[in-house]
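Below, chain A partners chain B and then partners chain C, in two separate complexes.
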Partner chain A sequence: MSRTATALNYGYYPGCSLHASAREYDQSTRGLFGALGIGLSEVPDWLCCGATPAHNVDRLLSLALSAKNLTLAEKVEGDLAVACAACFSRLKTTQHELKDDAEKRSQVGRAIDGPVPLAKKVKHLLEILDSDFGLERLQQAVKRPLSGLKVACYYGCLLTRPPGVPQLDDAEAPTIMERVIEAAGAQTVAWSHRLECCGAGFTLSRPEVILKLTGDILAAAKEAGADCLMVACPLCQGNLDLRQQEVEKASGTRYGLPALYLTQLLGLAVGVPASQLGLDGLLVSPQGLLREKGLL
Partner chain B sequence: MARIGVFVCHCGENISRTVDVEQVAAAAAKLPGVAFATDYKYMCSDPGQSLLKKAVAEHDLDGIVVAACSPRMHEKTFRNAAKVAGLNPYLCEMANIREHCSWVHEDRAEATAKARDIVQMMVARVKKANKLADITVPVTKRALVIGGGIAGIQSALDIADAGHQVVLVEREPSLGGHMAMLSETFPTLDCSQCIMTPKMVDVANHPNITLYTYAEVENVEGYIGNFQVTVRKKARSVDEDKCTGCGVCSAKCPQKKIPNAFDRDLGMRSAIYTPFPQAVPNTPVLDRENCTWFKSGKCGVCKKVCGPGAVDYEQQDELIVEPIGAIVVATGFKLYDIGRKPEDSSYKGYGEYGYGTIPDVIDGLTFERLASASGPTGGAIRRPSDGKEPKEVVFIQCVGSRAREKGISYCSKICCMYTAKHTMLYKHKVHDGQAYVFFMDARTPGKNYDEFWRRAVEEEEAAYIRGMVSRLYRKGEKIVVVGSDVLTGSQVEIEADLVVLATAVQARDGADSLAQKLGISYDKYNFYSEAHAKLKPVECATAGIYLAGACQGPKDIPETVAQASAAAAKVMTLLSKQQLEREPLVARVRESNCTACFACKKVCPYGAVEAKEIRDRQGKVVRVVAHVNPGVCGGCGTCQATCPSKTVELDGYTDEQIIAMIESL
Partner chain C sequence: MPRRRLARLLLMVRFCFIHPPRHYPAQRDHIVNPAKIVLSRQALNPALIARLKQLAGTSIRNCMQCGKCSAGCPMAGFMEHPPSRTLRLLQLGQNIQVLAGRSIWHCASCETCTTRCPNGVDPAAIMDALRKLWWDEQGRSEEKEVQLASRLFLDNIRRYGRQHEMRLGALFNLQSGKLFKDLALGPKLMARGKLKLTQEKNRNLAEIEQIFARIEQMRQKGKTP
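Coming up: the complex of A and B.
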């Protein structure tokens, strides 16, 4: 892709998951963006955002962690690209809560030893692909259309909610994931559990809750005729993929639904070599399915 | 030297809580030209008014300032008292130290100083006031009723029965409004059509009522007693005088697949149609948008089969000007649309309920059509998607209503009762079915209302679940309803065959533009505003215009009918007068100075300025000057401010008075 005046460059906040359990999300994000000619500069010295555990324990701490990350993000050019739905939610919530609350802002400022910069635009990868890069250009960049692949887009609970905070798309009836993956030639299925919670917060403390919540999601996707799930959150992916075997055992139903990151599917479509997409990092292997559809 | 009396009111504690009324009276007493000043707890009460009258006699007062509430509240009261005491009423003015002072300030010292200033200015104004005489205007003894639902019908019949002429304008092709669409009505379960259609016929047959259906109010000019209303009678393409209502045109029309809005799009109609069999008038209307003749110039079947030759493709809209004395606005409501809302709308819609994309999620009015004997299913409860009889029906209340985050904070008032009714109608028709209701509160005040609701719960076995529904989604042929039961603290999932949403009552589309034509005010939800929430519930602040029914706020049928009769009574009072007295606070042109530039005419919002020819004894025109018609003038003063030669004066607000007010400070 030629470098033009409209070359896109972003700061990049991967978050802890993408450096650990969701390395394949990081790898495929870099692979996809590289292929599309979108620059990513990782925020230096970033911290964990604390995700759900932090704000459950101490709201001020949670705000301070993201505020510190926003301060660090000032050191890189461009809007801030975020892949993880939880990190995205925390950064957006922090901006939202501090924007009109001078008292809270000064509290957080004391905690991080400096004023909180709130001007940085925080964007989820989906938003960058859908609006900044644009669906038309994405369509043109596709080398291997995902035709014949029936994808159940799974948003989870954080990506679009609460209303008015992430402002990624309609909070209760979004279509941004469908728009993006359809641009790559995939077929999406209409299904019921796109926005249900997978129970990620309970994955260690009460795994039996996950068996029910994640089980319902897998069952709904299967019933809708999906070949695979597409996700934009490492925690959702963890539950749907890692726990799938346990869910199958508990319910006595075999689902065999790979849960791929949007960047893995799109990466394949724009011709990123499979070896750079971390496909072998998934427990429910997508290899068979992708080979069957002629994508590998 | 003037002899002005100043009366400072405590208004209970409304004023005296913030303003030192005694100090205000003491300061007023020292003003030049003030002969008497005092304070009193309630100036508007009978002893208060007596105090004023006594003071006029004892102190030989020639002007009065009452420092109290807004003149909109009690100016008339005190001017009448002044008149009884023998003063010209226009020598009595009010200094508004309540709305303009005590209610909006907290600091006592500052509020007191401001009150003193306000009183001082009004004293200066009264000193320069002129004695004025009331203006009389004739009354056109005809009423206009806008809207032909139950509210408009009731008002029109009451006024017409009293012997006055009524013009009734209805936007749709038939009278009836929403009530004609209902199945049975709470709390007695009598058939809506059975009690409604005879009244529709009464309107059509009443010798005192001129009925325009398929018509809209185009323009309104004039003022109380003397409105000129232009009605646009839309082209029906059928000559009402020739049509016999035989129905052959509709039967033969080849275009039969048009969703019928009267049946909430569940049934189909032809392009030339009457919306329902009991329509009044029973004259079809041709829907030109869907007519093959109008789209392609081919067909013409209806014209060919019409025996009396009533079908007329050339018919044009007709504009009719009606002289009117009083207006009743009864334009009704619409239901909150559960579909996706435009981006800029402040109403958020219900993405979690699928934005109207699940066919078996319907609203209450659609359920009424399903339950109605004259509806698209003949009264059998069948779900829209596949026509099957639903065995599990979930009703959800407060959809849109009482949901600030969705854009509406008010209660729609009728839904608790009609949902209870729906569960009964359902149980009566589907004996082995189960109705569930998700509700926040059951609000059932009204005669026999709570008993009705209890009957739904206790005898008809509707399962009421206190809590809201967070999501609806399809699962095979079922709709999964995910909700909470706050009384047991548990989550509930019901697999329903049909879901009925009790959506919010909203003002009709276009309510705001009609209000602007009429010059009446409306709230942020576009419901029309009454003049006083408690004491003037059917009057508009604009004289001569009255409100009936749900255009003023959500209302059920009994309440609508009561308000409609009340509005009719107000109209009858007005039309019983030979002429009306108007306040003489109107603009006047000093003809000797007028240069006839007509700048005043250009800015007058009432069209009150006309050219007047001044002739000599031989009848030759020597000059042309501006003249203000006192009957039409609204007293806004725009002409006075505009006139380059200071030739127009507004009585009661002359330049001299206003300058004196400013200089007094």
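Coming up: the complex of A and C.
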């Protein structure tokens, strides 16, 4: 635990979405970490983790893709910072499954033509902020507290499940998102759908699934009195934000709930200029809400 | 047959006689018809159970039918056989009902079932294993679109090293025949710089191709589960 003033430096695995449909997550991560003085150096030539489709088709391929990423991550100093919940889950699952299984490890080793390095600590951004940087320091760094903003923290599936694999927080009753955003002065709401699945993997093939699952999540957040959702996964954000209009049309209810990345909200709090947070990347614009709360 | 064993058999058959969710679109072929279930030593398929254990690293034998997996499953409402029933059918050797059905393609891999199982079964991994069996032996299922999306996703990795979201969406629309799907979303995403027309190829693309090729070779030689 380095709660001292020593510099924190990490390898950084952004994942495919952060270079495309979730570019504001990448932008705001760099903005926030820059403001907090945390160094990020991107893993050279990283490849797609395969997400859900890879292990749905072939578990060995899924393990091999993540093993290759772990090999590439050895080229950068420090623990590996991961922003996307799906990439985080795949990397942690690979480490977990290969750690005690010599046979599987040798198969994966044969597939990537080399030993599988398993020692790298893989950390989600939340973990870095909560444990390594520390909530006290985060609190001190806040220049514009998010007071008055009621946030529904949405974990989704892969940040905490299954138990013993991601080891980010309790699998069924986590509080890490609430802890982090409360340190920035926001108010969090207690609500029912924090850990429910948004249907991410089906966004292309079965949109009716998304309308039902994402619709339930939006309705629950609204009912709990939230002003906005906070997410830590580009796939969840995609469904909650890009598909919100469709959900509204299908259910005949207007939600108008912006789904912001944790780095966007924290970035605002520590004084990163709004232009560096990609707020205009959201389809459900948060500008009105943030202005109303005096945060813009 | 001793009366107790008969009673147990009847109970097993009764268990499978559960009506599918009413809002499920009519796909009657694969819905369990108790008349079609034959329970015999031959029907119980120990080879399949062993193969599933090899693929998933967890045994369906440990399922004691508490139903917690189905209770928490966000996709249960879309499934003909929710997870606990899938496991029970497999225990009874009714693998065709499971494999030829749509439910295995409806699993979202959210890991809720695996998190909540009190007896260490990993239903999410079993679902992966079942899909693998189907990919290997049959290739195509009735859930063509779920399969198409997965295939295109992996094809992108092999071709570019990373996801090319534009190509993924465009090819999905073309190949599924849903040409106008999400068409309104495209310009909004492009205006925000979220959808790129082109995707650069990774510099280590040759190494990535090798990973795919080596796994294919290993499979051909039977050196992998």
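Operating definition for what follows: the second predicted complex is superposed on the first by the 291 of 296 C-alpha atoms of A that agree within 3 Å, B and C clash if a C-alpha of one lies under 4 Å from a C-alpha of the other, contacts with A are read in each partner's own complex, and residues count from 1 in each chain.
One rule holds for everything that comes next: contacts are C-beta pairs under 8 Å (C-beta built on N, C-alpha and C of every residue); 3 or more make two chains touch, one makes a residue touch a chain.
Everything numeric in this text was worked out from a predicted model, so none of it was measured.
Trainee: Go through the superposed model and pick first if A:285 touches only chain B, second if only chain C, both, or neither.
Mentor: Neither partner.
Trainee: Report for A:50: first if it touches chain B alone, second if chain C alone, otherwise both or neither.
Mentor: In the superposition, A:50 touches chain C alone.
Trainee: So in the superposed three-chain picture, is A:275 touching just chain B, just chain C, both, or none of them (first/second/both/neither)?
Mentor: neither
Trainee: Look at A:253 in the shared chain and tell me whether it touches chain B only, chain C only, both, or neither; answer first, second, both or neither.
Mentor: Neither chain B nor chain C is touched by A:253.
Trainee: Contact-wise, after the overlay, does A:199 reach chain B, chain C, both or neither (first, second, both, neither)?
Mentor: Only chain C; A:199 stays clear of chain B.
Trainee: Under the stated touch criterion, name the partner, chain B or chain C, that contacts more residues in chain A.
Mentor: C
Trainee: Where does A:106 make contact in the superposed view: on chain B (first), on chain C (second), on both, or on neither?
Mentor: neither
Trainee: With both complexes superposed on chain A, which partner does A:173 reach: first (chain B), second (chain C), both or neither?
Mentor: A:173: touches chain B, not chain C.
Trainee: Looking at A:163 after the superposition, I want to know if it touches chain B, chain C, both of them or none. Which is it: first, second, both, neither?
Mentor: Once the two structures are laid over each other on A, A:163 reaches both partners.
Trainee: Using the superposition described at the top, list the residues of chain A that contact chain B and also contact chain C.
Mentor: 163, 171-172, 195-196
Trainee: What residues of chain B sit close enough to touch chain A in their complex?
Mentor: Residues in contact with chain A: 340, 348, 350-352, 354-355, 405, 471, 473-475, 480.
Trainee: Give the list of chain C residues in touch with chain A in this complex.
Mentor: Where chain C meets chain A, its residues are 55, 57, 74-75, 77-78, 106, 108-112, 114-116, 122, 124-125, 128, 131-132, 135, 143, 145-146, 148-151, 153-154, 156-157, 161-163, 165, 168-169, 172, 176, 181-182, 185, 188-189, 192-196, 202-204, 207-208, 210-212, 214-215, 218, 223-225.
Trainee: Once bound in the complex, which stretches of chain A touch chain C?
Mentor: Residue positions touching the partner: 16-17, 19-23, 45, 47-48, 50-61, 64-65, 68, 97, 107, 110-113, 157-158, 161-163, 171-172, 195-197, 199-202, 204-207, 209, 212-213, 242, 280-281, 283.
Trainee: Per the contact definition, I'd like the list of chain A residues that touch chain B in the complex.
Mentor: 163, 170-173, 192-193, 195-196, 220, 223
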